[in-house]
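Consider the two complexes below, in which subunit A is the common component and subunit B and subunit C are the respective partners.
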Partner chain A sequence: MLEANGLMVFYENMLALNNVHLRCKKEEIVGVFGANSAGKSTLMYTLSGIMDDIRKKEAMAGGERITVLGEIKYLGREIGALKPSKRAREGIILCPERRRIFRESSVMENLRIGGYLSTAAQASETIDYVFSLFPALKNLRKRIGGFLSGGEQQMLAIGRALMAQPKLLLLDEPLLGLSPLMQATLVRSTRVIRDQRKISLIVTEQYARPVLPIVDYAFILENGTAVLEGNREELMGNPDVRAAYFGVN
Partner chain B sequence: MDIIIYGIINSVALAIMALGFALVYGISRVPNFAHGSIYVLAGFITWSFLRTLGFPYFWSVIITMLIVGVIGALLYRFILIRVRGMAISEIIASYAVGLAILEGLRWGGFRGMSYTLPVFAEGSVIIGGVPVDFQRIIMVFAGVGIFIGLYIFTHYTRIGLALRGMAQDERAALMLGIDSDLMAVVSMILGAMLAGLAGILLLPLGNIVVEAGYNVLILAIAVCIVGGLGSWAGAVLAAFLIGFAQILTVVYLGSHYQMVVALLAIILTLILKPSGLFGMQKQLEERV
Partner chain C sequence: MSSTHRRKERIDRGIKVRTDGLYALMSWRELSYLTVPRLVLILGILALPIVMPGMYWQKVITIVCIYAMLAIGFDFLAHYVGLVSLGGAFFIGTGGYIAAILNSSYGLPPLLTIPIATILGAAICTLLLLPCLPLRGVYFAIVTLMYPLVLARIIEALDVLGGTDGIMGVDSFASSWVEQYLAVTMVLIFLFGLRRLVNTDIGLVFRAVKDNDQAVRASGMNISYYKAVAVFIASAMGCLAGACLVHIYMWAGISLFALDFSIIPIAATVIGGGGTIVGPVLGCLILVPISELLREFGTLRIVFYSLILVGFIVFRSEGIMVFGERKYHQFQRWVRV
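Right, the complex of A and B next:
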């Protein structure tokens, strides 16, 4: 489905991603784990094309010079040069870190803005689907986005991303700052989304343990380099990984 | 009584003038300083079609709206897109275009007292003992119509919702497949058309003069700053505040103080509450 080879991202001379190879097969959940500043968000921005927008804005404002190298193949096609809106149209949707929901719009409006790329029929079908997936949102339909709790905002952000009819959904730290109960709910829903919507997902997290049960394959990023990859059992078998990312000895 | 009626009329006029500016700034964070010149330009284009080419009034207005819409799109596509994100450059670039249009018109001979648009309907009615002409009444209803139309557009249509998404968080909108440049062009077209519509609605009340372009720009900015930049509800409220303040000044002090009110409102707002009346969210952000 998606294959990235030799991704390199520089902020001025600082290397944020160093020769990262990543692949995600159809209907697979791929985990990307790494500490703060390991390059997880940079990777997600690069795959979704948002990095292109960041680079342009920085260049315009005379800020950091950002360089992106490497190739990104999606459905057998090179998409490295596509604008972010084009990539979204092709089905790569990013659900960003810290959620970034529209704070002045209601829950329903957030979803409808998310439905920009879908037809009217798709939009109403997906709204029903989101409410069946996250029943908690159903009673909050009229609530303003900025007044939602962190967990509700995250559910809304995932729902909004689903409204854009993704084929490959990128979830950037969806569990950040949430209670263990909410984390468990979201992890369960992530798998349900994959099974019911038949889409692929790439999930990043700092702490691998809550997400690991649902990932098919995972990469571990350290200082911008993918130091390890493997399926669940391979990673769990590695003592260093167990200590650093799963909190077990 | 006449204070209330003319206060309302003046306030709606201000709101119509400011709406285009507020809309463009709210959506794409581009301060469109060519706003006033598009207002005047729309008047002269309509005049040309009507008087020189002899088109019917209705079609002159429609053609004018299309032309100013195209001008707005070109302004963004060829000039503003190159300085996007640099506030000062955006102001300088758009103001330069505005100056070029206004002074170009003056240079092209569009000056003097002979340029007037006919009113939409002759006659007047007495409301509460105050005579009000039909043009002003039409203007008030048109203003209300524009607000309702814009509200429906931004709450119930796909493009309108996308515009609001972009106004709140451009990058999050980008992640959902909303093309920010396309939306900025749409907002510029809308803004230019609103400026043009304001011109067509308000200019029949007097002569079309180039200087009106500068006044309209200052009034629009005053309304937007008092209301909180980017807030449409704030802009409407501020239009009523400044509108009534102006009428009160005219009645009790003299009409030549009118412009002072608008400028004073800017200064007072910047001193007392820099984020404006409805800039609550932004005020919070400023504090954090």
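Right, the complex of A and C next:
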């Protein structure tokens, strides 16, 4: 489905992503794990094309020069030159880090904004689906986004991303700052989304343990380099990885 | 695959790295790397009144300096304290009228009226702006924009302070050299003074207020107080400029509250490069003479003016100074990755 080869991203002279190869097959959940500054968010921005936007803004304001190299193939097509809006139309939807919901719009409005690309029928179907997936949101539909709790905001952010009818959903640190209970709920619903909507997902997370049960394949980033990859069993078998990312000895 | 790729690398010049610490100056070359740009600016500005042909262009230089003081103040408020001020006209008007009243009604000489107008005017401006300082957002800009309009209408409607005729017969400076060099040296003093100020402790607090005022408040500091200090500094510069302007024109009228004084500093900051303090001065040095040159086109000059501004915003929103600094400190080369 998605294949990235030799991705390199430079922030000025700092190497944020170093020759990363990443694959995501159809209806697969791929995990990307790494500490802070490992390049997870950079990877997500690069895949969704936001990096292109950031690069242009920085260039105009005379800030950092960002260089993006490498190729990204999506459904057999090279999309490296595609604008983020075009990529979204192709079905690559990013659910950004720290949720970035529209704080001054209500839950319902947030979802509708997310449904900009879908037809009316798709939109109403997806809204129903989001409410069945996250029943907690159903009672909050009039609530202003900024007044939601962290977990509710994350549900809303995922719901909003689903409204755009993704084929490949990029979840950037969906569990950031949430309680273990909420984390478990979200992880469960992530798998449900994959099974019911038949989409592929790429999930980044710092701490791999909560997400690991649902990922089919995972990459481990360290300082911008993909140091290790493998399926669940392979990663669990590696003692270094177990200690560093799963917290078990 | 990636070995065929190249990217353009931007790195600091060796001499920049060596001269970053003051203790590392080893040669005349390194010394001049630091001092020449500053000396060029100082000597260049000081020489301007001498090299200008004729009275007319010498007057233009004085006006450039008046605008430069406003632009420095705008840049300081906008990029170091986070207050977008449209109050150039307000500061000029307050300082100008105070100087004119002191001179014409109480007979004080310019030597006294200018300092008094600076301090008193800045105090009045700060007091009047105090209510909107705790607010974040666009309110400060709106209030600073409204005050000059309000004051001009009050003077016009109530016919106080000379009404629409203005206050005439204000003393001029002893000679045109005094007025020019007063303006020029004041610009230089403010320029280097502010550059120093923003790197002191209080400058750090100012920048912190801009970045995250709630965090500053959480650190136990009163943001309104620090904003008031910053507004006092900026309005003092504006009031001084206004007082000088009144003595140059020998007249104070409601055109001191003209919007030009609010808009041109902003345009100069955009062109010169915000956040550099020097940039706005360069911007004024470019913009004000251009607007004089275009005077023969009448009101059409506003069109040229706007085009220049739009061009800068679209193509070089960083500004001349930021661009130049980068070229001076860094070089580029292609590298293979």
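Methods note: the second predicted complex is superposed on the first by the 249 of 249 C-alpha atoms of A that agree within 3 Å, B and C clash if a C-alpha of one lies under 4 Å from a C-alpha of the other, contacts with A are read in each partner's own complex, and residues count from 1 in each chain.
To be clear about the criterion, a residue touches a chain if its C-beta (ideal position, glycine included) is under 8 Å from a C-beta of that chain, and two chains touch if they have at least 3 such contacts.
Note that the structure is a prediction, hence the values are computed from the model and not measured.
Partners subunit B and subunit C clash in the overlay (superposition on subunit A).
When the two complexes are overlaid on their common chain A, residue A:G70 makes contact with subunit C while staying clear of subunit B.
Contact with neither subunit B nor subunit C is seen for A:R194 once the two complexes are overlaid on the shared chain.
Once the two complexes are laid over each other on the shared chain, residue contacts for A:A61 go to subunit B and to subunit C alike. In the superposed model, more residues of subunit A are touched by B than by the other of subunit B and subunit C.
Legend: residue contacts after superposition of the two complexes on their common chain; A:R100 is shown touching subunit B, with no touch to subunit C. Using the contact criterion defined above for the overlaid structures, shared-chain residue A:N19 touches subunit C, although it does not reach subunit B. After overlaying the two complexes on the shared chain, residue contacts for A:G6 are found with subunit C alone; subunit B is out of touch.
Here subunit C runs into subunit B after the superposition, and of 38-46, 74-82, 128-136 or 182-190 the stretch doing so is 128-136. Under the contact criterion defined above, the residues of subunit A that touch both subunit B in one complex and subunit C in the other are 60-61. Per the touch definition, subunit B reaches subunit A in the complex via residues 83-86, 155, 158, 161-162, 164-165, 168-169, 171-180, 182, 281. On subunit C, the positions that touch subunit A within their shared complex are 1-2, 5, 7-11, 316-319, 322-323, 326, 337. Residues of subunit A that touch subunit B in their complex: 48, 50, 53, 57, 60-61, 83-85, 88-89, 93-96, 100-105, 109, 112-117, 146, 160-161, 163-164.
The touching residues of subunit A, counted against subunit C in their complex, run 5-6, 8, 10, 12-13, 19, 60-63, 65, 67, 69-71.
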